[in-house]
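Dropping the structures in below, format is structure tokens.
Look at the two complexes coming up: subunit A is in both, with subunit B in one and subunit C in the other.
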Partner chain A sequence: MSNVILSLAEIVGENYVSSGEEELYFYARDPGLMPAHKPDWVVVPKTAEEVQKIVRLAKKEKIPLVPMGAGMALTGLIIPLKGGIVVDMKRMNKILEVNEKARYVIVEGGTSHGSLKAYLEKNYPRLRHSIPDSPATATIAANMMIHGQGRLTQQYGFNSDMVTGLEVVLPSGEICKIGSCSISPEWFSKGAPLPDLSGLFLGWFGATGIITKVALRLYPRKKMRDVEIFVTDKEDLVPDIIYELTHTEMAEDIVIFSQPLPLIFKDNHHITIFITGDTDEELEFKRKMLWDALDGFIKSKDGGFMWVQPAMKPILLEMPQRSVSRFADVKKGGGFEYSGPIILVERYPECTRKIVELSSKYDLGYSGMARIIGRGHCMMFGFAFTFNRADPDMMERVRKALHEVSNYALTAGGVFWKPTVDEQRMAIERMDPNTRNLLKMIKKNVDPNGIMNPGNWEVN
Partner chain B sequence: MYTLKFDEDLCKTCTTCDCLVMCQYMDLDIDKAKEEIMKISEGEDSFVLQDCVTCYGCEEYCKRGNHPFYLITERREEKDILTSPRAITKQWINIGEPQGKYKVGEIKEKMLSFGFMPEFLRWVKGRLFEDIMPSFIFGQEFFCNVVYIHFANTSIIKERLPMVMDNFRKLGVKEVVCMHDECYGSFASLAPAYGIEVPFKPIHYFEYLYNRLKELGDEVRPLNIKVAYQRPCSSRLSPDKHHFVGDIMKLIGVDLVERRYSNKNSLCCGEVLRMASGYELANDVQKRNMDDMVDSGAEYCVFNCPACYAALAQKVAKKGIKPIHIIGLCRMAIGEK
Partner chain C sequence: MKYEDIIHRCFRCGYCKFTGDYSDFNCPSYRKFSFETYAPGGRMWLIHAWLNDEIKNSDRFQEILFSCATCANCVEHCVFTFSDDLVNIFIAAKEEMVNKGIIPPEVRDYLKSINISGNPYKEPADERGKWADGTAIQTYDGQDYLLYIGCVGSYDERAKKIARAVGNILIKAGLSIGILGNREQCDGNEVRALGETGLFQHLAEQNIALFKELGVKKIITLDPHSFNSFKKDYPDLGGEFEIYHYTQILAPLIQAKKMPLKEYKARVTFHDPCYLGRHNEEYDAPRKILKAIPAIELIEMDQNRENAFCCGGGGGNFFTDILGGGEDSPSRIRVGQSLDTGARIIAVACPQCAKMLDDAIKVEELEDKLEVLDIAEIVTRALA
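For the complex of A and B:
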């Protein structure tokens, strides 16, 4: 096997390959609760051609390959379950092209959300992308691969809906272009009007190929942003409130949270509504529309807009929001994990009751958070629990609570988002048999040797 | 059980009914005002119980010290009439719950009460306070709880305020300089109105500032600027201290501009109105208030209450008026930044 490291070093240079214990320790785990498993090698390529050569080597040697962005998914998607090579994409971080008028950008497969945000702010101040609330180092390609959500998801759907083209290294080692870029120099569509092949890769967690380039839509960046928080103590009213808000089409983003601490948030549901505008007039018009839409709830005293004091606003308007990371340390042990099924907004009341029930049953700190997707077609409801990494008992209780969430989510009609391997199995078992067969057929044909992120989306 | 000291007979013999006639937010003539205050006094329904925006103004307008606003608050609570949405009311009640996170400085016989306003931890500094700091307290354990009259909830005040008094008692202080009108109003007006014993002498911080500036004498230099004063709702609980605004301005060479919405006609900062009843009234009140400041030629808007500051500072700045808290203004006058 020492030939493998020599071969990898020939491809990327000896500084960018390792089988050292320190590297293997780090690349064996993610920040979540999944058990660690060491890879055998770690490699950090710089070009698509290097990725091709790595894949060809793995194919020849039948070695598992695990593509990795920043490793932030929390659900173990980059843990090399069967060892092999972790392909860390972070050196492939170039922003290749921005088409300002067509509003899209092409980036390499390891480019981070933070660097794209900074690049656009500096060079294209009238453009933005849908940045998620994960740490800024999270990579764009990985976020698309897990159907992530971001600040523009309420308006435009999953971040993966915003993809306009892909370049993928297939398990055979061939480079394949997906979308308009397959027959045109322009990367404006991932599918239409052609057969949409992006579905062979998006959502597969690298089990069908490694993304080396991704193009995505950009959107107008307004000069001003502001935030309002509508508060109600009746969870049953939340779906109606969301329906009224989304009907206005005035909100940039809508995020709901409920949590017992700090006390200011106890017993209430907080619907955080972000608005944007190029002028004060535009901003105030949108605000008025939103207030008017909820006037009935205010008059009946069932809800009201809380006073968001100036000191609170910078925290709320931050992108990505650091408050999510702060929540991870509530128990002073840096542990945080959530299960975030995609589910109908009308299920909000029962989701929120479920998280309270589980928090009480397992004696855990919690935060329920929901992001509205596509003007209310569905939402991601995050059942988030915080834990102390130095407390194995607490970690076990979180595992049990999250397992219950998984069972609950399926029975409530939800679909797992970025599922763990166990959740993938549960989903596959529940799947329509013909769909399951199609999934199996695709995987078998695209990756006949089963080397791509093995363990993920495997139909046995 | 603490009960409000309210004399119905005083209202029966009142010839002006200023409590309601002078209201800035409801339109009542003297006959209607008398009819409504008697209904309220006798526990009957009145539209006032629905429409009152909780500006506290009637506590000042009543010349007989009969606490009409506390009565309105009591009656609303008895009848389960919410002033704000339930969730907002709960939120504010939760905010004030003691959590054991209070701060206590080096306590002397005389101390400053920052209540539960974190701004004072930053604002209170310099020579104005050198003879008393770091004798201060901050936190929910010392929070006066008056704000709950905005939410028609005196029960929480009756429950928490005696505990707050116990906390002060344990510190053994004799004089407490209240850095906020609500604290002073709580200790000098509300607590006596309910028969809650106050174990120290409350001092309004305006009085403290005035005396301190006099002590500093020649070090005080006239600022020669024009300011509009944003009077807070809580100042209505201690109208006898309002004169210190003018006294302090005179001492530091500031022209307190004449304007329509000043003194008894002052307007609310608007944010309580926004939480309670929506943006229209709040926007209208804020616009009238700020336009009045602009028309009067004010260069600065001087604030007393940190909440008013948070509500209006950015908005007056957009109108070209500099926002400043009265502590900052006094510090400017003694050459501090």
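For the complex of A and C:
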């Protein structure tokens, strides 16, 4: 094992491997609340070939491997639960190809959402991708790996639904192409009309391989964007409001936020509707359709469109919304964590009552945020609690609250999004036995040595 | 430690290491080392761990802290309310290390040189004013402005040429200026950035006393690092003077055509010095000068103004070279960014940037494609 660092240095160069206490401390944790666990080494590769060699070394030495993007999932998915090598992918940040007419892009596995956004705005101003509201450092591959959501999720589904191809280093060390790119130079489909093998990797948190390239769909970027906020204090009406809004197919994105502070937001549900257009006429047409769709709620005085202050608009229209990160410092303590089950929109009233209940029970600051996925097919409801890192008691209360959210989410028919290892265990226990066996069989066959992000999606 | 009540508040979201448009990572030490530990968020979490005795003061921890170029990109882009304090937090941590006597040898040697010789080059004070030999620049004796040169401009061969260019132009412009010559001593900006607060205070108080003794009211600096120190740190120690960077004096004179300039045909890109730009928000004066020179084509790098990428010389790294070496060194990256513009000249307004980028051009073997010139040197070429 003492030769591992020398072997890694031979692969990536001595400057890009560390077993220093500083790296072991930092890479042992993410900004969330999961317990830290130190890796033995941290390595920062530059090429897929280097990743391949790292994996082969790990296979030979039976060393755990944990791929890492920006580490912003907050649920401990990049914490090396069994030590080993953390593979920080962010040096692999090239944007390799844009097919403008077929509207897809191929990027390396450590490319950030922020840099792709900037690249498209500069070079392909008519194209965009579904950028999440996680910090701009969040990597595209990791976001796909966790089935992230973004600004176009209401229109086109999970960000992982927009993947059109993968290059993966398998636990064997082989490089494998997934999708049309496996038999064609073009990366336009991750599966169809072939058997869709992307499911062997997406959602697995690196437990079946390391993504070194990812292709994803791009979409038309309209010249103008605007935002409307429909406010209601009746949470029971929110599912019906969403049903009407999604029926119009006019919105770019729909998110709902409810929070107790500042007091101007208290007790209201802010259904935030983003619209886009190439002309004023297009924008106004969409606005009118959306307003008309909610006319009944307005007439019954169950809600209304609020005046969005000019100072508020840039904050809302920003992509990604930096205000999401600022939530971490509400308690002047640099921390927040959320559980974001994927759940039916009809559960919105229960979810919102649950977060209020938990906030009161554990004396915590909270923010409820829902993002509509597809045309109301489901939503991500974020039970977000802020905490002060210098206050262990508050951190423990947040842990307890989140644990209750996990239990609640399952009973409410939800499915954990980017689950912690505990939530993965709960999900596996609840899973249909045949599905569980299939999961186990896949993991065992793809990663027979159990070296890929061990602890995650393990069926025992 | 100062700021101890803030350190745990970093969420490590990483906005601090980007440019404003997210097009690239813009933290020099992160670009060079690639580990999260060398980014501002990494430093915050490690300082917190160090104060809690979870990690020790190791060689690597020292490298992590002292490789900070104090360029303030993090201050510019951090999303939290404590963003203004980020560089000061890193300096406070370095101060703790200095006070405990556990710092990198390069830093120790730099600080010792300043303490013993009054400059980092270990040169005698008698040599300090020699850069002005053969010019018409006089010793300060009640002139309107004190022209303060700083250590780099006084001793470094490349920087001395810039000092002469600045001095000559100011005289040609008809300004009443004088220099301290052998009586000048280090401004202390880098001493402070490296955490030697006691020595900094000593230097600052000596300088303030000398300026007051001589009746100095207005100071023009060659070096943005001196400019920063005089402007931001000296007032707290009783040193209230009118402070100008030389570009701020020249810009209105040239724009008003008080200095006739002939055509100087060149494609030029401008590299913003961190201590002029982000630290003091002066982005326009150098550009006004360049734009006023007939036939110059000013082409901006993608990373400019608030998003300029540091040359890697700040925070004492010019002297300690902790950030230097290798193809990912900031100065080499910056030269690459300059080359991408198609410019033939990298204009600078800081002798430290000039030297850093000059050296990087040599390492990259780009001497036939790029030249580094201080704004004063470009103006000299354009003077009729």
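The criterion applied here is as follows: the second predicted complex is superposed on the first by the 460 of 460 C-alpha atoms of A that agree within 3 Å, B and C clash if a C-alpha of one lies under 4 Å from a C-alpha of the other, contacts with A are read in each partner's own complex, and residues count from 1 in each chain.
Rule of thumb we're sticking to: contacts are C-beta pairs under 8 Å (C-beta built on N, C-alpha and C of every residue); 3 or more make two chains touch, one makes a residue touch a chain.
Not measured: the values here are computed from a predicted model.
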- [ ] Please indicate which partner A:180 is in contact with in the superposed arrangement: first for subunit B, second for subunit C, both, or neither.
- [x] neither
TODO: With the two complexes superposed on chain A, say which partner A:233 touches: subunit B (first), subunit C (second), both, or neither.
DONE: first
TODO: Give one of first, second, both or neither to describe whether A:326 is in contact with subunit B, with subunit C, with both, or with none.
DONE: second
TODO: State whether A:301 touches subunit B only (first), subunit C only (second), both chains, or neither.
DONE: first
- [ ] Look at A:117 in the shared chain and tell me whether it touches subunit B only, subunit C only, both, or neither; answer first, second, both or neither.
- [x] second
TODO: Determine, under the contact definition given at the top, whether A:424 touches first (subunit B), second (subunit C), both, or neither.
DONE: neither
Open item on the list: Once chain A of both complexes is superposed, is A:268 in touch with subunit B (first), subunit C (second), both, or neither?
Closed with: first
Task: First (subunit B), second (subunit C), both or neither touched by A:153 - done: neither
- [ ] Look at A:287 in the shared chain and tell me whether it touches subunit B only, subunit C only, both, or neither; answer first, second, both or neither.
- [x] first
Open item on the list: Looking only at subunit A, is it subunit B or subunit C that touches more of its residues?
Closed with: C
Task: For the subunit B and subunit A complex, residues of the former touching the latter - done: 82, 84-88, 90-91, 94-95, 97, 99, 271, 274-279, 310-311, 313-314
TODO: Using the touch definition up top, name the residues of subunit C that touch subunit A in the complex.
DONE: 8-15, 17-19, 21-24, 33-37, 42, 45-46, 49, 54-56, 58, 60-61, 64, 79-82, 326
Task: subunit B partner contacts - residues on subunit A that touch it in the complex - done: 231-233, 263-269, 287-288, 291, 295, 297-298, 301-307, 309-311
- [ ] Write out the stretch or stretches of subunit A touching subunit C in their complex.
- [x] 15-16, 18, 20-23, 25-27, 31, 42, 44, 70-72, 88, 90-91, 112-115, 117-119, 121-122, 135-137, 322, 325-326, 328-329, 332-336, 388-390
